[in-house]
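Below are two complexes that have subunit A in common, paired first with subunit B and then with subunit C.
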Partner chain A sequence: MRNSKLYKGSLNTIILKLLKEHDKMYGYEITQKVKTITKGELNITEGALYPALHKLEAEGLLDVEVVKVDNRLRKYYKLTETGSKETVNKLNELAEYIKTMQALVNPKLA
Partner chain B sequence: MNSLSKDQIHFIDNYLENSDVLYADIRMEMVDHVGSAIEKQMKLQKTEDFYSVFKDYMVASKANLLENNKKFLRDVDKGIFKRLFRLLSKPRAIIAFILLVFISYKVMTINGHNSIVDIFYWFPNASIVPFLILYFVMLKVFKLSRFSGVERLVFVYMVFFQLLNLLRILFRGYFNSETANYVIISVVVSTMILIPIVLLQLTYHIMNQYRLKYKSI
Partner chain C sequence: MELTKEQIQYIDNYLKDKGIKYWDVRIEMVDHLVSDMENYSGLVDFETLFKRSLKNANWDSNLEFIHIQSWKHTNKIYRKMHFQEIWNCIKQPKYLIGFIMLYLVFYWITTRFPEALKLLSFLVLGFPMLIMLIEIVRSLVKKLGKSVNIQYGFFYFSFGIIMMNLPIQFLPKAYLHIWMPIVMTIYLIMMFAGYKVYRFALKKVLKMKVLM
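Our next item is the complex of A and B:
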């Protein structure tokens, strides 16, 4: 990843968006999905992903389900009703941000 | 190569526990993360050598995993304090506080302030007993693992225990004087009663939450 600071502020939105598209996901699955979609450009580390997931869970945006899979326990995350609403808000905010940045750095494309 | 065996998972779990990832909830998630990463790597490398892949993975990612653990514990502590203050600012707690102040004031006007001051001396010490009983019941009867939210409560209890003791030391001389103001005594004593009760309520909530969340284990 070239500049992790630029992506840091959008981590919650990325997680919420992925969970909106998938019924439920676990931590490692999220990191791999992001890696695949961004063709390896964005590599979310454990130290960034799990605190973000736990914060979203504490805020009531995510619900968890613990299931036994392949000899171990797996914690699945899914959106709550509030989480689904918040995802729409966050995506709109991000779209606005991208539009503003586009107008600033490349006015021709804006 | 399909998935890791029970022994291999147990090996990862032990390794993380020995690396100070003590609490079951965070370790469980890390074990799954490490296990999934190793399975993928073994598949890519077409190897059955679990220990070699594990060693390479830990060299590359251990610092990140432990950073996650540190952040997790900080967030757990913050979360407990936030929930405690939320409970204390609820109308129910405020009404209870006003009632306690009123009752203790009335008792003092009838029986003198020595009757209430006794509570002031034993309550902080006694307040730890219900927590220990609840902790024992959850761990032994409900077989709850060492979960972060439960164990970090001990830290929160210690902070408040020290605070209540400080209050006790600060007000001891004043409470024993004949000129002590009954309203001040009522407020201090009510604070000392309310905080442990709300803490106990929070302990029950947190323990029950873990019991329900991890009932499939």
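Our next item is the complex of A and C:
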């Protein structure tokens, strides 16, 4: 992941936001979607993505649906009710953070 | 390019040979690699494409590390879940009342009939172990294979036995009728929480197994 230290703390929010918009997604799809949206600027590594997905699942924010797709199994992740509420909180937190950083880094734009 | 069943099996075997021992960890890795390979639009042979996808995912070397990471991470999840289940037993009135009742009955019997202490303790210790034994046999019959979820499900199911083994050995003999009901109640809480964790793991694995 480019600028991994800066993005690492936002990975869960990125995943939750994508799932909020797409109903259900699988790991590879998430990496590709992020790459497309950010025009290749942000590349989520598999080593960071899957542990994050499993952690969110364990916290009850994501639900897993296993589906057979072309001779293999695929794990789809979708938001639970708690996950949907948490997404709103996380996005608000992130917006506040960006606002604060903007005020610090570029006061004219804040 | 759509991969054949044999090519997908080859990828699964490769990951297994390189150290990813658990099939429930490999599922997601296989799908990731296959998706990446199928997403490639150029003309290239299977071997080259496979190597390219392994490199893209950073899985071209040190798969042992990923294997270790996967069980470390799964352990973290199940440990948290086990702790949460123990907390639920204390927090939820229906469980709390149940365990207090168990303690009181145990205490009443051991004070009233001290000679029954050994037998009662043996029964309380043995009951969850018997359930565990039945579950082990059931999982063997169902041929669940080497699954990281089942492994940690069983580990946290047996966690109560591991944790209570030491205090039981060092309990002051003269006050066994006082200490034993307390230790046994804690043991039952841990085993009950462990059983719920195991059921979660089993449900998760069966859901996947049925599709394979």
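Here, the second predicted complex is superposed on the first by the 108 of 110 C-alpha atoms of A that agree within 3 Å, B and C clash if a C-alpha of one lies under 4 Å from a C-alpha of the other, contacts with A are read in each partner's own complex, and residues count from 1 in each chain.
The definition used in the following text is that contacts are C-beta pairs under 8 Å (C-beta built on N, C-alpha and C of every residue); 3 or more make two chains touch, one makes a residue touch a chain.
Bear in mind that the values here come from a model prediction, so they are computed numbers and not experimental data.
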item	value
Clash or fit, subunit B versus subunit C on superposed subunit A	clash
Partner chain in contact with A:Ile98 - subunit B first, subunit C second, else both or neither	neither
Partner chain in contact with A:Val88 - subunit B first, subunit C second, else both or neither	neither
Touching partner for A:Ile37 - first (subunit B), second (subunit C), both, neither	neither
Partner chain in contact with A:Asn71 - subunit B first, subunit C second, else both or neither	both
Which superposed partner A:Tyr50 touches (first subunit B, second subunit C, both, neither)	both
Shared subunit A surface residues [contacts with subunit B and with subunit C]	26-29, 32, 45-47, 50-51, 54-55, 58, 64, 66-75
Subunit A residues touching subunit C - in the complex, by the definition given at the top	26-29, 32, 45-47, 50-51, 54-55, 57-58, 64, 66-75
Residue ranges of subunit A in contact with subunit B within the complex	26-29, 32, 45-47, 49-51, 54-55, 58, 64, 66-75
Contact footprint of subunit A on subunit C as seen in their complex	2-5, 8, 27-28, 30-32, 34-36, 39, 57-59, 66, 69, 73-74, 77, 80-81, 204, 207-208, 211-212
Touch list for subunit B against partner subunit A, complex	3-6, 9, 26, 28-33, 35-37, 40, 61, 64-65, 67-68, 71-72, 75, 79, 213-214, 216-217
